[in-house]
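Note that chain A is present in both complexes that follow, paired respectively with chain B and with chain C.
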Partner chain A sequence: MRAEILKQPTESLVGEKVKTKKKFNKWPYIFLLPSLILYGIFYVFPFFYSFVLSFMEWNLISPDKEYVGFDNYNSIWSDSVFWKSLLNTLIYVVATVPLSMMIGLSFALLVESVSGKMRETYRMLLFIPVIASIAVTSLVWQLLMNPEQGWINDVLNLFGLPQLNWLNDPNVALWAIVIIGIWKAVGYNMILYIAGLKGIDKQLYEAASIDGAGKWRQTISITIPMLSPINIFVFIVSVIQSFQVFTTIHLMTQGGPNNSTNMLVYQIYEEAFMFFDIGKASALSAILFIIVLIITIFQIRTMEKKVHYQ
Partner chain B sequence: MNKLLKRSFVTMSLAALLVGCSNSNAEKSSQSTGSSKGEPIEIEFLHIHGGKQGEALDKIIENYHASQDEVRVKPIYVEGAYEGVVERLQSLAATDQLPEITQAGFTYTEYMLENMPIVPVQDYIDEEKYDTSDYFPQMLDLAKDDDGTIKGLPFAVSNPVVYYNKEIFEKTGINAEESLKTFEDVRKVAKELTKNDVNGVYFNYGITGNWLFQAMVETLGGQMIADDQKSVTFNKEEGVQALQYWVDLMNTDKSMPNINDQQAVQAFSSGKLAMYVSTPASFASMQSQSDFEVGLIPFPTDGEHSRKVPAGGNNMFILETTEEEQDAAWDFMKFTTSPESTAIVAEEMGYMAVRKSAVEDSNLLGSYYKETPAAYVPYTQIEDMVPWHNFPGKGGSQIYKIVQDNVESALNDQKTAEEAVNEAAEEANALLK
Partner chain C sequence: MEIKSNKYRLYFKHILIISIIFIMLIPFLWMLSTSLKDPKDILGGGIWFFPTSFTLEHYIRAINETLFLTWLKNSTIIATILTIGQIIVAFLAAYAFSNFNFRGREILFYFVLATMIIPEQAIMIPQFITINNFDWVNTFTGVIVPNLASGYAIFLMRQRFLEIPKELSEAASIDGCGPLRTLWHIYVPASIPFLSAIGVLLFVSHWNDYNWPLLVLMQEEKMTLPIAFSSFQHEGLVEWGPTMAIATLSMIPVLIIYLVLQKKFVEGFTNSGLKG
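And now, the complex of A and B:
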C-alpha cells in the first residue's frame, strides 16, 4: 500500500501534462468508508427518513403507510400537550444551560487550583454523576425527593424552610427535573473546561504576573477570554443536550403530573411507542430539529465574533 | 491555529446536532438461533418480571429445563411494565425479530390480537384435546377473543386489594377485616390514622392510568364505555363520584399523600402509610421489605352495588415463527401454567394461580394459604372479577394517559373532579370517532 501511495505522484509527473499540483488521494476516504457507511445507515438515513414519515400515517408494524400531507403537523399545532411540552423544554433549557456552565467552570477552576493527589480525587468525585447509571441515580433522587421521608425535605425543615412535594406538585416537578439535569451535566462541562484550561499558554500568566496582575485579575483577563472557544462548544452542546432530556423524565415522572414535566423528546417517545403514531412522532422530531438548527446557527453566528483565539 | 480551531468547533457542533437529532435509541439486538438436528430448540420469552419476581420466573424456567432437554428458553426482561413490552414488541416487529413467546398485559389484549402475528392456542388445544377445565374460567376468559376462541393462556392474574399495616391497626385497636368494608369506612379510618408523619391511605391510581379508576367507577355502579364502544361513559355521576372520593382523601382529609407509586411503596414498607390500595402482585416483596406483618383485605364497595374488580396481570401469546419453534413455545406455555409452576407464580410473586388444583393441593398452595391467609384474599374476589377495559381503535392506548392526566389535574387542584372527567371524556370521545 505504501509503495502504491509513493508511486502515484511520480506517475502523474511522467504524464504529458501536469493538470493539478496535487493528485486526488483516495486512501483517506477508503479508510473512512466503513464508518461513513455505518454513519449513513444509522444516522443519516433515519434522519431523512423520519422527515418522509412525518407526512405519513403509520403504526410501525403495519406494512401500509398512508400519505396524509400536513395532517400530522396540523394535529400538532392544535395539540395542547405539544405547546405545554415546548414551553417546558424551553424553560428547562434556559434554566439548565447557564447554571450547569457556570457551576462547571467554577468546579474546573477550583479543581485546577488544588495541587497533588486531591485534584484527581475531586475531579473523579465531580465526574461521577456523568457516568453513573441514570436508572440508579433516578431511584436515589426519587428517595431524596420523597416529600414525606426524603432527605431534602428533612434538610429544608431543619432550616425552617417550606417543604416541597418535589415530583408530584405540578408547579415544582419541572424544577426538580432541572436540578437533576444540572447535577448530571456539571461534571461533563467541568472536564471540557479543564481541557480548555490546560490549553492556555502559561506564558500569558507569567507575563501578567510580571505586570502585577493578581490571581483574580488573571482569571478575568486571561482565563475567561482564552476559554471562549471551549465556552461556545460547551454552550452549543449543552443546549442540544438539554433539548434532548429524556431518561430522567422517563424514569421519574413519565411527563407527569398532568404533563407538567412533559418535554419534546418525551412526547415524541409517547406518540411513537405508547400511542403508536409514528407519523406524528416524526413530525415532532422534524419540528425539534428545526428549532435546534435555528438556535445553533444563531449561536454560531453571534458568538463567533466574541471568540478570542490565541 | 486560528482557522483550524474555528473550523473544528463549527464542525463539532454540527456533528453534535446531527447525532443529537437522529434517533439514537438503538435497539439491543437479540439473536435467536435456529435449531439444527440434535441441538435443543432455543426460544425467547419476553416478560416484565424484574427483581424478586424475576427470580421466581427463573426458577420456573430452570425446572422446565430440568424436565426435558429439547427446548431451551431464554427469558428477556423488559423494563417499563406492560407499556415496555408493547414498545419492545413493536420495534422487534419492525425489524422482524419477534420472540417466539411473549407476555402482554390484559389492557393490551385487543392490541395484540389486532397487530401481532399470534398463533391461537385454541389450535393446539383442539389438536391435543388439552384439558382446560382446571383453569379458573374467569381467567381463561381473559385470553379469549370476542368469538370465544382461546388465543393465549393467562400467566399471572391479580385484582385490586387493600394492603394494611397490621402493627398500626393493632395499636389503634381497629379491626381491619371488620371495619373496612365500604369506601366511607376506608375514608373514616384513613382520616383517623393520619397523624404525625403517618398517612392513612394511598390509592395507586397510576397503574396504566385507569385500573383503579375502573374498579372505583364500576363498583359504584357505573361503566367506563358505552355498550356500542363509541363513547366513554366514565364522566357520568359515578365517574365524578369516584374521582371526587380521591380528591377528598387528598385535599380535604389530607389522609392520602400526593406521591407516586414508588414513593408510596417506600412509605408503606417503612411504616409511614397505614393502607395501600394496589395489585397483590407485590405482596411477597412488600412483606419481605417491611419489618411488620402486612395484611390484605378485599377491595371496598359503596355498600349498595356489588364489587367489580378489573383483572390485572398478563397473558402469554405464541408468535408466528417456524412450526418447530411454535410447538416448543406451546410446550413451554403448558409448563408455565402447570399447577406446579403457577403455584410458584402465586407464592413467590403474589399473583393468583391460574389453576384450581394448585390452590387446593396442600403440597402446592394449600398449606401456604393456610399459613398466610392474607395471600388468599384475591381469590375471594374471583367472582367479582371483570375484564380490564381495552379501549378500541387507534387512539385506544392514548385514552389511558388522558384519564391519568386528568386524574392528576384534579388531585392537584387544577380542575374540579367534574371538569376533569368531562374533559377526559371529551378528548377520549374525539379519539374513538
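And now, the complex of A and C:
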C-alpha cells in the first residue's frame, strides 16, 4: 500500500516537470489553503506548543507560566504512576493487537468460506460492535461485569467457576479492559481482511488445487502471505489506536483500582484536566508522541523489508 | 457419502458462526433486555435475555428526566456539520494532491499522513488552550472547527481521485475549462458514490466521538449523547434501567444508517486503497 503512495506522485512529477516550470500555478495552493490553515492552527501550533509547555509550570487558569527547565520530565522519571501507566499501556497494546488481528482474520476466513446470502448477514452482524459508540459499550460492559450480580459472574457461577471482581480487583481489571478492547476491534479488522481476501487472484487457488494442495495448505501458503500488505496496515492502525485507549478507562475504572488500569493517555487527561498540572501533562504528551513515533517508524521499516522479500 | 459429510461440515460452520455472533452481540442483547426490565430484576434477575418483567418506564424516565432530545439534536448537528465540512475540506485538498504538480506536494502529503499518526491526546492540551483563547469552550464551534481537516478523509479521497483518468481533466482544460470547472464537472460527479460511502463512515465516527467533546462541552444543554451518559450516575451509583434506555436510543440512528447503507460501509473500507 505504501509503495503505491510513493510511486504515483513521482511518476507524474517526472512527466510534467517542464510544464510546471513555465508558469507558476496558484490553484493547487488555493485548494490546499483551508486544510493548511486548519492544520496550522490546530495541529502544527499545538504540536510545538506542547513541547514548550512541557518546560513550564502552569495550572491552566493563572496568567503566569513559569519556566522550570526539565523539572517536569524529572518528576515524571521518579513518578511511580508514570512507570505503572507505561507498563499498563504496553501490556494492553501487546495483548490487544495480536489477538484482535488473529481473531479478526479467523472471522474473515470463516465468514468468507460460506457462500450465499447468509455471508453478508454474518458480516453485517459481526461489524456491529465497531459502529456502536465506545461510551455505550463501556457502560454495558460495566453492567455485565458487575461483581455481585452481573451477567458474566452469574454465568461463571452457573458453571461452577470462580466469580471475578472484574473491575475492582487490581489483578483482573487490566485484563477486563483488554477483553473489551479486543471485542471492539475484531470486527474492524475482519472487514479489512475481507477486503484483502477479495483482492487475491483466484487463479492462485486453482493452480494450488491442481497441484493437490488442500484447503488448509492453501490458506497457509497463499492466503496468509498474500494478505501481508493488509497485515501491515491493520498492524500499524491497531497499534496507534490501542495506544489511545481512553473512553473505556474514563467511564469504567478511572485508572483504578490502585492505578492498575491507568494508561499514558488517561494519565495525561488526569494531570491536565483534574490536577491542572499542565506542565507535567505536556511532558507526558511529548513522551507519548515520541514513543508512538518510534514504534511507527520501526513498524514501517521492518514491515517494508518483509513485503519486498516476498 | 462425501456429499453428506460436506453438508454436515457446512451446518457445523453455520452453527459455529451463529454462536460467535451471539457471543459478540451479548452486550447489545443485555442492554436492550435491561432497558425493558423491571428495576428489581436488573441485577440478579437471572441470565436469560428475554426479560421476565416488561416495562417502558426507563424509556419514559430517560426522555422526561434528562435532556435526551437536546443531546440527540446536539449530536445530530455536530456530526452532520463535521462530516460535511471534512468532506469539503478534504475534497479540495485531495483535488490539489491528485490533479496538480506543484512544489512541496510530496512533503505536504507526507505531512497529512503524519497527522494521522499523532495521537489525539498528545496535542489535546494546547488545542484546548487554543480554543479557549478563541472563546470557543462549551460551543459547537469548538468541537467542530479544530477537527475539520481530516487526514483520513484526504488520504482516502486522494486514493480515489488518482483512479480518475488524467485525460479527462486534460481534455477539459483544452476545451477551456478552468480548474474550478474541472473540479465541478468532472471530479464531483465522478466521486459522488464514493463520497456517500466515506460520508457514512465519518458520520458514524463523529456520532460516537468522546474525548474531544468531553473536554469542550461542559454544560449539560450543550452535550452530545456519548458524553451525557453520566447523568444517571450519582456518587458512583448507576441507575442502570434509564442508562441502558438512553444507550439503546442513542444507538438506533447509527444502527439504522448502518443497516440501510451497509453496502456503502463495506465499500468505504474496501475502496480505501487497501487492495494492495
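As a convention for this text, the second predicted complex is superposed on the first by the 277 of 310 C-alpha atoms of A that agree within 3 Å, B and C clash if a C-alpha of one lies under 4 Å from a C-alpha of the other, contacts with A are read in each partner's own complex, and residues count from 1 in each chain.
The rule is simple: a contact is a pair of C-beta atoms (placed from the backbone, for glycine too) under 8 Å apart; a residue touches a chain by one contact, two chains touch by 3 or more.
Here the structure is a predicted model, which means the values were calculated and not measured.
Participant: Superposed on chain A, are chain B and chain C clashing or fitting side by side?
Facilitator: Aligned through their shared chain, the two binders clash on chain A.
Participant: Looking at A:W151, would you say it contacts chain B, chain C, both, or neither? Reply first, second, both or neither.
Facilitator: In the superposition, A:W151 touches chain C alone.
Participant: Once chain A of both complexes is superposed, is A:I210 in touch with chain B (first), chain C (second), both, or neither?
Facilitator: Neither partner.
Participant: Would you sort A:F289 into first (chain B), second (chain C), both or neither based on which partner it touches?
Facilitator: both
Participant: In the superposed arrangement, which partner chain does A:L167 touch: chain B (first), chain C (second), both, or neither?
Facilitator: Touch status of A:L167: first partner only.
Participant: Can you tell me whether chain B or chain C touches more residues on chain A?
Facilitator: The partner making contact with more of chain A's residues is C.
Participant: Quick one: which of 27-35, 117-125, 171-179 or 189-197 on chain C sits on top of chain B after the fit?
Facilitator: 117-125
Participant: Taking the two structures together, which residues of chain A meet both chain B and chain C?
Facilitator: Common to the two interfaces on chain A: residues 42-43, 46-47, 50, 60, 139, 142-143, 146, 148-149, 229, 233, 240, 243-244, 273, 285, 288-289, 292-293, 296.
Participant: Touching residues of chain A toward chain B in the complex: what are they?
Facilitator: Within the complex, chain A touches chain B at residues 42-44, 46-47, 50, 59-62, 139, 142-143, 146-149, 165, 167-170, 229, 232-233, 236-237, 240-241, 243-244, 253, 256-259, 270, 273-277, 285, 288-289, 292-293, 296, 299-300, 304, 307, 309-310.
Participant: What residues of chain A sit close enough to touch chain C in their complex?
Facilitator: Of all residues in chain A, those touching chain C are 1, 4-5, 8-10, 12-13, 16-17, 19-20, 25, 27-29, 31-32, 34-36, 38-39, 41-43, 45-47, 49-50, 53, 60, 107, 110-111, 113-114, 118, 120, 122-129, 131-137, 139-144, 146, 148-151, 154-155, 158, 183, 186-187, 191-192, 194-196, 198-199, 229-230, 233, 240, 243-244, 246-247, 250-251, 265, 268-269, 272-273, 278, 281-282, 285-286, 288-289, 292-293, 296.
Participant: Under the touch definition given earlier, write down the residues of chain B that touch chain A in their complex.
Facilitator: 1-2, 5-6, 9-10, 12-14, 16-23, 26, 83, 86-87, 90-91, 93-94, 115-116, 197, 199, 257-260, 262-263, 266-267, 270, 272, 394-395, 397-398, 401, 404-406, 408-409, 411-412, 414
Participant: Which stretch or stretches of chain C touch chain A in the complex?
Facilitator: 10, 13-14, 16-17, 20-21, 24-28, 30-31, 34, 43-44, 46-47, 88-90, 92-93, 95-97, 99-102, 105-106, 108-109, 111-113, 115-127, 129-130, 145-149, 154, 162, 166, 179, 204, 207-208, 210-211, 214-215, 225-227, 229-230, 238, 240, 243-244, 247, 250-251, 254-255, 258-259, 262, 265-266, 269-270, 272-276
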